[in-house]
Amino acid sequence: MYKLESKNVDFFYGTSQALKNINIAIHPNTVTALIGPSGCGKSTYLRLFNRMNDLIGNTKINGQVLIDGDDIYAKGVNVDSLRKKTGMVFQKPNPFPKTIFENVAYGLRVNGITDKKFIEERVETSIKQVVLWDEVKDKLKKSAFELSGGQQQRLCIARALAIQPSVILMDEPTSALDPISTAKIEELIYELKSKYTIVIVTHNMQQAGRVSDSTAFFYLGELIEYSATKELFTNPKIERTQNYITGRFG
Amino acid sequence: MPLIDENKLTKSKNRNQKIAFFLFASVGYFIVTILVAILSFIVYKGIGVINWNFISQMPEEGMTKGGIYPAIIGTLYLVSGSMLFAFPIGVLAAIYMNEYFKDGIIKRIVRMMTNNLAGVPSIVFGLFGMSLFVNKLGFGDSILAGSLTLGLLVLPIVIRTTEEALKAVDDTFRQASLGLGATKWQTTRRVVLPIAFPNIITGLILSIGRVSGETAPILFTVAAYFLPKLPSSIFDQAMALPYHLYVISTSGTNIEESRPIAYGTALVLILIVLICNLIANGLRKYFSKKVKMN
Amino acid sequence: MSHIEVEMQQLKAEIVEMWNLVSAQMKTAMVALAKMDKGLAKEILNNEKKVNSLELKIDRDCENIFALHNPVANDLRLVLALLRINSNLERIGDIAASVAKFINKSDGFEYKGLVEETHALEMFEEACDLVDDVKASFETENTQLAESIFKRDRTLNELNKNARAIVIAHIKKDPENVESFLSFLAIIRKLERSGDQSKSIAEELIFFIEAKVLKHAPKAEGNKLN
């Protein structure tokens, strides 16, 4: 069964159509990269899976978006609990103005968990998962802003992991980071794949190549090509894809 | 011949730049000069009467002697009262406006109204306060009526600044919090407000500066010409610095003799506003260090 | 281990597998030639398909690493070297296959004397040793061992030259069987070629390990480089 699926999805901001008939099916425990020029709809598509687009007024969606086979836009779906299934990581590291510990504990606390021991354990596991534990274990009570950009981004990933989602959505997670931090995040993505299904929006073609199993190329709201990353990067079927990934666009 | 004479172009560019520089610099210095002139004039005229007694004593002999203690206290009461009223209401309104209110025509109208409210002359607020709080609600000339009137006056400022502060919070913070399954209120209270706090505080303190200097709204609602004792409840009248200043410079028993006291009062008022601004700056710096974004 | 390292390890393992396969093919071919054994020859031709498909797989993996991981510096040199080593090995595999074909086709003609006279088996052994030694130098990243290959390739050339003279003499004596002699000479020449392949593998290794390009350096200088 597919972990994530979109069937004939159209998406509108007001009257302008941002996505046109998108069909994608994503297997569990894979990394899928969404690439394409700015404004092609890839970020909008990513945000369908945690209904983050709901926050913007005056939007409309047609078609179905499925997680584990369930239509998440069906009537009666609890959006707050739906969002717990997915963790999201953003372009700029955005830790909350709290301590390192509280940042990771946040998702547990807002979901009503009060067991101190449980929270401590979960925070530790999550920080260990992002290979940050050794760097922060002595300063958990310090502000998250004291960390470097790369560390902050890993903390944000830990924050997302703490509520144990099965899907991680990443929106250009390394575009604000230096190359070393970028490499660390990419390694992390590669490792997290064994436990999570990851969808990543990236402007960096090489990154898509390095981290993903499948790649979807969006252009002007349309899905131009969706195939195994190896395929897409060595032998794209569509000329437009080839022009984009070789940098001969426009 | 090249199409453009590079040398000539550079020369004219440089000349234009110099002229512009000179203009901007002179305007800048002009403004600073006026400010310094006013300040030094008031300091020069007023510093002579300032001493501990001036600050801590009652006025004497038809306000030609003695201190301005009750006016300072009155102003402090009015500032605190108006803030207690305007700050919570303003911040809550701004949160509603920015975090909950869906974009649309109604929101635009409400926002336009708020902005218009900020443009209403303060004397109109004074009249409104008098008819509503003093007469209709029967508070009489009192600290309560004055505070509420002043509160109304700064409400739009508090709402505006708070809204701006909330808007400045990057949306990804909200999305990150909501993405973790938090509700909107949890997100606002635990993430958005702490980040916006430094700027909200700035708005608060700027309003304090505004309130402490207003004369018109308190004219009909609270201010007393002269009171021999301090107010003992919020239903008492009070003296206030700006009104005191107005009174002793226009209608005192002996205007010429109370001149130095008038300047002293002005100096104290300016100092209070200045201190408010410094505190605002300090607090903003302190809090933004705590929630530093990078 | 990082993602690219994992991929590189896999690629290296595949090339070692290819190497073992080709080396085994050569050794079998040597035995087959000594006994003119058609059964062994058939076995070689069967395994040749494996060699070819492994070559394709390694090619594709190199391609993927280039496309997906954008290797640089030593990673880049390694993938480039492996890509070329891969095709060199495949050609050595071809040589074993053509020996097998030669054995298959040889009907009636007695090559035993010729094999002994030309020291063909000696050549063969040397060719096999070269394949194994470049492999050892790859696995241990030993450039000295790789450099020794250049000299040893020359003995192979020497033997080839002598063998040529001997075969020509035979042709003159026995013009009836000129076809058989020529196909035998072709085998000898191929053995010599396999030495060239080993030599260019050695060059690739030095390129990969020390980032020196020996390929087009004049011979004397090439040896002086270290």
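For clarity, chains are labelled A, B and C in written order, and residue numbers in each chain start from 1.
Note that contacts are C-beta pairs under 8 Å (C-beta built on N, C-alpha and C of every residue); 3 or more make two chains touch, one makes a residue touch a chain.
Note that the structure is a prediction, hence the values are computed from the model and not measured.
Engineer: Based on which chains touch which, is the overall arrangement a line, ring, star, complete graph, or other?
Structural biologist: Topology of touching chains reads as a line.
Engineer: Central chain, going by Cα centroids?
Structural biologist: Centre-most chain by C-alpha means: A.
Engineer: Which chains share more C-beta contacts than any other pair?
Structural biologist: The chain pair sharing the largest number of C-beta contacts is A-B.
Engineer: Between chain B and chain C, what is the gap in Å from one C-alpha centre to the other?
Structural biologist: So the centroids are 89 Å from each other.
Engineer: Please report how many Å separate the Cα centroid of chain A from that of chain C, as a whole number.
Structural biologist: Those two chain centres are 49 Å apart.
Engineer: Which whole number of Å gives the spacing of the CA centres of chain A and chain B?
Structural biologist: Result: the chain centres lie 45 Å from each other.
Engineer: Which residues, counting only chain A, touch chain C once they are in their complex?
Structural biologist: On the chain A side, the touching residues are 183, 186-187, 190, 206, 209-211, 229-230, 233-234.
Engineer: Residues of chain A touching chain B in their complex?
Structural biologist: Per the stated touch rule, the residues are 50, 52, 55, 57-58, 80-81, 83-84, 86-88, 90-92, 94, 96-98, 106-107, 110-111, 143, 145, 149, 156, 159-160, 162-163.
Engineer: Of all residues in chain B, which touch chain A in the complex?
Structural biologist: Contact set of chain B toward chain A: 102-104, 170-183, 186, 190-191, 194-195, 290-294.
Engineer: Help me check something: in the complex, which residues belonging to chain C touch chain A?
Structural biologist: 2-4, 63-64, 67-70
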